[in-house]
Amino acid sequence: MTTSAPARWTAALPVRLDRRYLPVLGTFVVLALMLVVGGTRYDNFLTPAVVSNLFINNAHLVVLAVGMTFVILTGGIDLSVGAVLALSTVVTAALLQAGWPVPVVLPLAVGVGTVIGLAHGLMIHYFQVQPFVATLAGMFFARGLCFLIAPESIAIGDPAFVGLASWVQIAGQWRMTSSVLIALIVLGLAFLVLHLTRFGRTVYAIGGGEQSALLMGLPVARTKVLAYVVSGTCAGLGGLLFAMYSRSGYSLTGVAMELDAIAAVVIGGTLLTGGTGFVLGSVLGVLVLGLIQTIITFEGTLSSWWTRIVIGVLLLVFVLLQRALSLRRT
Amino acid sequence: MTQQTPPPVVEMTGVTVEFPPVTALDGVDLHLRPGEIHALMGENGAGKSTLIKALTGVYSPTAGTILVDGAEHRFSGPADARAHGISTVYQEVNLCENLTVAENIMLGAEPRVLGGLNWRAMRRQAAAHLRRMGLDIDPASSLGSHSLAVQQLVAICRATVGDCKVLILDEPTSSLDADEVAHLFAVMRSLRDEGVAILFVSHFLDQVYEVSDRMTVLRNGGLVGEFVTADLPAAELVQHMIGRSMDVLEAAEEAAERAERPAGATPLLQVVGLGRKGSVQPFDLDLYEGEVVGLAGLLGSGRTELARLLTGADRADVGQARVSGRPTRLRNPRVAMGHGIAYTSEDRKGEGVVDGLTVRENIVLALQAERGWMRPLPRRQVDELVAGYIERLGIRPADPEALLRNLSGGNQQKVLLARWLATAPRLLVLDEPTRGIDVGAKAEIQKLVAELAADGMSVVFISAELEEVLRISHRIAVLRDRRKVAEIDGDGASMDRVVDLIAGGGAA
Amino acid sequence: ASDAGSGTGGGGGGGADDGVITLGFSQVGAESGWRAANTKSIQDTLTADNGFDLKFSDAQQKQENQIQAIRSYITQGVDVIAFSPVVETGWDAVLQEAKDAGIPVILTDRAVDSEDESLYESFIGSDFVKEGQMAGEWVVDQYDGEGYKVVELQGTTGAAPAIDRKEGFESAIEGSDLEIIDSQTGNFTRAEGKTVMEGFLNKHDDIDLVYAHNDDMGLGAIEAIEAAGMTPGEDIKIVTVDAVKDGMQALVDGKINYIVECNPLLGPDLAEIAKKVVAGEEVEKRIVVEDQAFDQEAAKEALPTREY
Amino acid sequence: MRDVLRHHLFWPVAALVALLVANTVARPGFLAVTVRDGHLFGAPVDILRTTAPLLLVALGMTLVIATRGIDLSVGAVVAVSGAVALSHLASAPDPAAPGTVLTAIGLALALCLVLGVWNGFLVSVLGIQPIIATLILMTAGRGVAMLITGGMITTVNSAPFKVLGSGFWLGLPTAAVLAFGVFAVVAYVVRRTALGMLLEATGINPAASRLSGVRSRTLTWTVYAASGLFAGLAGLLISADTMAADANNAGLFIELDAILAVVIGGTALSGGKFNLSGTLVGALVIATLERTVTVLGISPLVTPLFMALVVIAVTLLQSPRMRERLTAVRRRPTTGAQRPAARPDPTEVTAG
């Protein structure tokens, strides 16, 4: 495709820095730059607390982005993750409120996402509904279920759950919640799955060309469906993490969060056309978005509209820098 | 036959495949025996690829039975077929450019460690497979960084991984040069001797005669018959394939001999020291009106790259170009087109066909792009133009509204040729224009090139088939290791001389 | 960044020594004109002249942004944190952090649903249920006995003001012969208010009264009613909540019949409470802003001095 | 019959008819159109008017999607357009003066065109992925709109401007006349010139198109500019409808509706073949669906669920697999020749 033409030439270049890593590297460099600029501009910016908070505040988004990476790598998209996350928080809160025990509620909440993801996968693969539409319908569906279960926000008071959620480890200034731990585990698992299993490589193959993957005799159907199951499950898990984070379930949570997840994945260097990208890049993308938000808060004088404009501008600067860095070697 | 023939491993009877309203295959039989190389022959669009896809479950036939080892099978797809020991290399390269060479070869039969992929073993095994095919490339490099020919070889490597009892190769040699073909044949023969049944499609008659034991001939979706190769003279085979006598072909081949070169005026395109880092070393080349210049060289010698620089497909870092004596910079294909320079890429699938558009739209695309969107070609003119090329090049089905993706490979190639001819270029750069084209059509195309040159067009002709290049070129530029090493006159060139130059005899 | 080490601990007292109160405010967003007025009131009051150093952040209607902002204020070591919660629930953890860090918290506009009241110092804002009730009571008072058919334009499904205003109104008209024949969300916006009202008018011939959860939807409904060739305020009566300037103008023009106020000007109250809290004085746990209600007469008087 | 069933517009049109039937059952007089003061009134007319802005946005979106792109910023552009126009009117001494109104419209459209050009620049020149390139403006654009209005809802009285939103022209709503007119002109231009084919070629195989001399970059740039312009026009219609510029909510989620309309109309998001008549039907389906929710009295709590079910039903029925089943029933034995699994390419949707 489009990438093949320039790729022809670089293969012969003496410097052997694999082009595929450039976007991720770009993201990383710019992220570091942002930290440095933030650190010199604001007091208390480069503290362990801020960095810890960056992870704590974005654990759920990390999980969403990881799931989204699978789907985008196959060349698809999942618009439902924000709504599924909300559904998962609502299910968690409602069931806990009804007195169900935590060990039952947790798998149920995640399972809700799995089931919706499965439905997406089946619709997309077997009925050839376009991913955008199938998951958009899924988004409405999940949101609708939220309202049916509970339009109002429900607080979670279950001591077991709260205990799980508030587990904070302090090593000096470094703090961590179990959410961050879970998110990192998910990330690690995703990395292993994508790079060390046939399923993972098939995900990439499908993104490189579904027809080709099919003719290569790879299990396209199963893999594609599974990618949506992974994304759905991650959304369910993300909901759980968000419920731990906010200790409540609310049907309007996560509106447009799918955009954050998609943006994170794309900023992390993954191509929306599928087949190229790394899950670690997606996490860097999440951190970039989180950092932009942190900078906005530290700036402290922005009115609502300037907030949006500045977010847009930072995003732009970021994308341009990353683009420049990853184009350097062509 | 006196010898005891083993029972067929694949037996297809009465297989019919329809794409309403087209009947692509109509009651075709195929018997494939272990330990044989079986050629599947037919013109472009005869139904060869469709038969293969019907066998491997890509298409499901509307009628007929498929027996594998005596048991009836309907595969659900290539994966299923492969699981039953049938591996296939389909006509277009169907691999994933974004993955590494090693993955493309090994995925599906990958070595594992602790339940995960064992990358090192995978690379090692892939390298072994590559070596057997005579390829020395880094298995960890990404497939997209290699030329089409290499990709084709990688695809063949993939098919031979694991134990297969049936190997199907749909036009594997169309983009390979003699060396690679020899390697491939060696591999094929050794597999045959191990008892593998090989189904082989090619439009090169000499290759078919060289390697195959038996053949099945198709015409227009129907079965003509099954023959023992040694018993069927080439002339008869061609007659079976095209349904006409060989004479027609010979007449065409006569006509394709290069015409007298007109006396040299100023060159139409003159390049001096044109080059690009990582692509081709700076070279000089003059192209005159009415002249066919052939490019000869081994796989990866840089013919394609040179052509791309001439046509603005890639931008040169150094050097000058003059069109009719006036300096110009061939910045992009559009600029080149403005000077009357046209380029057909060798990568039909990636850079040629716009598969979601119709035959008509594909043919007028370049002409229309040149005119700009605001001046649409009048419908009448388009219809005439398209009908003309369909007729002239024998494009089948002869339906201007057919989606290009539904055409057979050879017919797609003809459409692309028509696209460029329609722009009436002054310089036409043809990169492997006869790739995947049947004997009849190939002769037609060669004839066409000769005629165009006689009418004053300048043509650059690239082909993996050296004879073809020799026959129609007035002049031949020889490339080696991405460097133009010689330029010889077409009249004085003998096959041996060119081969010598290509091989380079050690000294650069 | 040297004193960051003690950031979570003693930041609270430090800043106030110089007489300037550093206040971190996390706003819901800028989703409506009402909110903009609310923001403006806060920004205009908590100025340097008044002894404040305001750190303001807009959460864009996302709870996660708000939690993050509050955490950030804690690490920055502000003197007081104030915020309008996006949602009622889910604040215990972060408020506990603020409490541990010794930073007092003041809530504005919307309350939080927390069992531990010690997590915040005070709540300043309106009572949405009461607003709905006031609207309902007026309607009952005026039209009971005439069998009025009411359609309701709800706010965003699931949002606290929408739920409470609906509940308040319903409880107030209970027992009267008023009947809510249809209720649909207009998402608090004018455009959707208009579209939904058009739908209602397509569907019902006998609508007598529109109850809209905010002025904007009511103003949208006016457009729809006029477009259908009827006179808003007469053929179909309109009751809304908020009392922003455009709404008041419509009320004066007779297109709206009654508006219950929801006062966005919380700045002065917030400033006062913040000063008291920093000075260590006791403050009331719940300060409900007195919301007025306007009929057409009252509106005529109030309109000229209306700030927002 | 078979041909009707196989027609690419069959299912979208069927969905539209089904919705209208449902409405008519719930409300027998639903389809009635009356003439009052020489203007047409009634639910169908309302639907045409509410379709107008969506249709414009979807029109631009279709063109962008044809080139393999997507434009998420249209909602923000809608907001900017309204904000610019109404702020200009509000600051003018006489908002009803024709000159002022024309300047306001001109200013708004010009700015939106610039925004579209900006998107096009990011995508076609800098090569940023469309979704991210337009996400930037999606975020910042609303900020700009709020900056212009100061975060308040700007309202103004200007009869000539209001005509855009709720006026009538030859008995029909001005907004509808405008939108459908623009749509018709663009559709005509695209299909009568070579523009459509060149866009499709660009979307299907950019590399091949470039080598064929197609000005892919310029074309891509142009469609984003057009998308911005059409969104700007939509913004004018929306703000004129209520005579208020609501920077936050004007055009909120309209990008999703537009994309949905495009897809329901049978254009694949993977680019290439596009289908403007389908987009038209798609936009009508969505506008009617919104009206249906009100007319059927569906509770706000289940509205999203209802929408989801309708969308799922339409897309499933429209899916190649389902179509094949349905036509197979009619054609009996000869079918099934082509296993769809062999051609997973979603552009197939338009091929039938």
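Letters are used for the chains, namely A, B, C and D, taken in the order the chains are written, and counting of residues starts over at 1 for each.
Throughout what follows, contacts are C-beta pairs under 8 Å (C-beta built on N, C-alpha and C of every residue); 3 or more make two chains touch, one makes a residue touch a chain.
Keep in mind it's a predicted model, so treat the numbers as computed, not measured.
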Q.
Return the chains shared as contacts by chain A and chain D, ordered by label.
A. B, C
Q.
Just the number, please: Cα centre separation of chain A and chain B in whole Å.
A. 43
Q. At what distance in angstrom does the C-alpha mean of chain C lie from that of chain B?
A. 71
Q.
Centroid from C-alpha atoms only, then distance chain C to chain D, rounded to Å. What do you get?
A. 34
Q) Got the chain D residues that touch at least 2 other chains? A) 146, 151, 207, 300-301, 303, 341-342, 345
Q.
Two-or-more-chain contact residues of chain B, please, as numbers and ranges.
A. 58, 77, 350-351
Q: Would you mind listing the residues of chain C that make contact with two or more other chains?
A: 29-30, 36, 39, 157
Q: Could you run through all the chain pairs that touch each other?
A: A-B, A-C, A-D, B-D, C-D
Q: Enumerate the contact residues on chain C facing chain A in the complex.
A: 1, 4-5, 7-8, 24, 27, 29-30, 36, 39, 43, 54-58, 60-65, 67-69, 71-73, 75-77, 87-90, 92-93, 113-115, 156-160, 163
(Q) Under the stated contact criterion, what part of chain D meets chain A in this complex? (A) 68, 72, 126-133, 135-137, 139-147, 151, 206-207, 247, 256, 259-260, 263-264, 268-270, 300-309, 311-312, 315-316, 319-322, 340-346, 348-349
Q: Report the residues of chain B in contact with chain D in the complex, numbered from low to high.
A: 17-20, 53, 57-62, 76-77, 313, 332-334, 337, 343, 345, 350-357, 361, 365-366, 368-377, 403, 405, 419
Q) Once bound in the complex, which stretches of chain A touch chain D? A) 1-2, 4-5, 123, 126-130, 132-134, 136-141, 143-145, 147-148, 151, 210-211, 214, 220-221, 259, 262-263, 266-267, 271-273, 303-313, 315-316, 319-320, 323
Q | Footprint of chain B on chain D - complex, ascending | A | 192-195, 197-198, 200-201, 204-205, 207-215, 219, 272-273, 334-339, 341-342, 345, 347, 351
